[in-house]
């Protein structure tokens, strides 16, 4: 039987309660692997987002339900093992129908993940920014997925985020509100409202009519100049900086690789990159050596 | 039965032959995942090194035989699937004794990997730079591993690099030469001679007495100012820049994560990081969309 | 890049050609793991069926798209590594839409699998015998999947079986024929026609009007008394005994486990079960020991 | 961080306490996969043994440290997910040195496994019945592994069995006792004493001088006529019937496969094998269907 897990670390639910009590926004950053997550924890983030976009991109594969739940779960679990802050796992559509959602909840809960975000696209999904036609799943079918998820969880702290792609699909505010209200009625613990406009207006309009029914999570990829303090004033619960880390990684790798070939040696880049000893720290080498002593 | 694989891409053996004919050095860079490898290929590297150090660090685990062959192989295979340049897989000690080496060769060859590098440390190993006592495996036992590897391979292009840690262990030039000669006699296709001195003198001394018996591979982590043209003049076959990519990644992520929290928004970092569209390219989104059309 | 694999072993395509030339039926048996497959090969079967039903049942999970492609592929690949006869992999619906099919073909081909069978149910599927409503995928959409599969394969020997569930869904002979003809037009290499009637009449009627356009594969689970010689006379290309092995395993395990507890010792079962030395043979212990000698 | 798990199911430690209080022997049977375990639980066994021998044999690979911890853990975890009785995981030597043992404990505990058995052979190991030379690890080094394991566990219920191969190596009673006493001093929770004599005399002699310092676990493969009631009288805590299930499976599969080919149809075997509906039950089909309803 799947073990019921009680963690020493804080669950995402408890983190959110704490932040709400403080009137603060939970700051979350996308990470495709354990190393990134350790750096995010070190920098001071409250939680990490096991991003399907970053995980699939790390494999040089599209964010289009090509990788399987097995692979996304393994990535999210590796991340959670490495940090004491909670992981929010991006689980796309829940990987199929209701049975897939039930199986997903069992597997993620068993793996020690305390929060998942499921979105209202049809399986197989494509990334929100790909410019494909994104048909949304029928609202009742998605509510059914949420109910299955909530009925399946065994630990009361497990947290299910319902993500709507209504704005991404150009369906407007009324549809976004209708869907999010229905998702909360179905049992979702929070909503993630995604927009790819170059301003935050859709989100601001949404908040204006949401009436604080449940925590709202946002992903400001295309409106980067929205300050977190202004999000806090508006009552936004959580901000996810979903893909900036990976984009910074690509810039750094491209630059580093090119310079090595152009310069024929690595002298000039030595002071742009951390020493190997810093990597040892991130591998927890000292702690492992102590573990070995008896 | 394991399939015998013939690739459309060039094997590492053929790459090396081509480079030797041109009097050139094969330039190789460490990559822990497919995305890094795609960037390395794009930058112009001849091959990639599926580095145990980078792969374990990506998991926030020490480079000390803690991850298993299953995990290192999965990482190397993901890399090889994504690029047309050959992968040299860092297989540490071969993951145990002779049977582990035989199993390793079957599995890596089956996965389409054309070159592996096996080192003469005792299992479980620790990273060359960790400052632990690194006992070397008895020379005859390591030669036995090499023979097992060569007897097990089914495709004649499969390439086995024997890596000596003689210099790392402070055993000096005579031991390094004795070991490398024995490894070539046992059937190894090339030697990797590693030194952690802050100059390249040990390597230069080695080359001076090696008499070109087989290709020599080096890893200039601690002597970054050795120009590749000077390596070429000395007859070095391959240079591996083993960990600079990961160190650049850590620098970039640390900086990016800190700035997001400090600045409260991502406006200022936008021009330091690639746009999301660049990630789409690295995911081969366009090619996948074409694949779908029929 | 995925390696292109040429096997020393016979592909399923070549096996089928040989059998057709001999006027014989290819005899195939379901196996959930390598051990079963080694026994099937030893018994004289021509190929093995990496059955989703047997693989999911071995995990005590329903045959309903709950396990992922990753898990089914790992099982099929373990089987293929262990035997010299070809594996036909049961790939259900292709694990989603067209991109999933393309990814599936790359992954299975890369793993050395020479034949896959894809079925015309909607993802997520349920097992043919579960008594659920099985809606079939629109015929054009399924033909599109077949075209994607055939366009994606790189080795010309790769073999795509199109399986129709028309009879299972009670849609009758005309629909079964229409679909199978369309699938062959779309490029499928053979059709698998499944029926759960307690007689073979649906299949016989199908064959009567099929006119030999392409090889026909059948699965006589519910009509066990159809002799293979009679199948041969009718021109059936391949018979898959899909689940009898697993059902025999369950019987044997139930009986063995109960007797151990009832009798309080294992004396009486010793002559009902093979000696441990027989297991050593199936592990190829002797060959592994030779591999170690150098 | 690894989650700390508290299961609804009974841990092996609690099971053993209960059995000891009742003066009874815990009956355990070897299972290579979830299906076998569900049958074992149904038959009435108290726990299951995730046997390296059965798991490697299922892959048609030798029981010689060829499969990795990753693969053995995945198998053990699949078993534990499927049953409410505890799994004792056969972890061989702990997969290498002290760091491997520490990593193993973290991973198994995180996976919800409540008991592991670690043996005093040198890595890479070979199966106890293979007739190879089995050198034992130095006693202090093995005690160090036990201390590392006990120091690493986070849940106090986690149970570490120390298995000695002293008798298997022909080292006699004094050595077996010396080692087992040292292992208990080092913190082991129980000892597993293995003998491959055709009588139980070595074990009886051991018990005679053991003085009940800690629970004793035995594996009566070669002395099948030892009745469990007689074990109970002697104070043996646990009996593991380690490989009879797999040996019964091989018998059943060989017979079934041969008959299908010989008889050309499956009519005659139908009443020797369970119906497909029995497989549906073992897949928990009904429970899954209910899960889907909302």
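Letters are used for the chains, namely A, B, C and D, taken in the order the chains are written, and counting of residues starts over at 1 for each.
We take it that a contact is a pair of C-beta atoms (placed from the backbone, for glycine too) under 8 Å apart; a residue touches a chain by one contact, two chains touch by 3 or more.
Everything numeric here is computed off the predicted structure, so don't read it as measured data.
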Thinking of C-D, which of B-D, B-C or A-B forms a repeat of its interface, with over half the contact pairs identical?
A-B
Just how much do you need to spin chain A so its Cα atoms sit on those of chain B, in degrees to the nearest 5?
180
Looking only at residue numbers at the chain B/chain C interface, is the share used by both copies over half or under half? Answer same or different.
same
Centroid from C-alpha atoms only, then distance chain A to chain B, rounded to Å. What do you get?
32
Taking each chain's centre as the mean of its CA atoms, chain A sits from chain D at a distance in Å of 39
Chain centres from averaged Cα atoms put chain A and chain C apart, in whole Å, by 38
Please list all residues of chain C that touch 2 or more other chains.
61-62, 64, 66, 82, 97, 99, 288
Quick one: in the complex, what on chain C touches chain A?
61-62, 64-66, 68-71, 95-97, 99-100, 103, 123-124
Flag every residue of chain B that touches chain A in the complex, lowest number first.
27, 29, 33-40, 42-45, 53, 56-64, 66, 78, 82, 129-130, 132, 220-221, 224-229, 241, 243-258, 260-261, 264-267, 269-270, 272-276, 278-280, 282-285, 288-289
Given the complex, residues on chain B that touch chain C span 1-9, 80-84, 97-99, 102, 110, 112, 144, 147-148, 151-152, 288, 291-292, 294
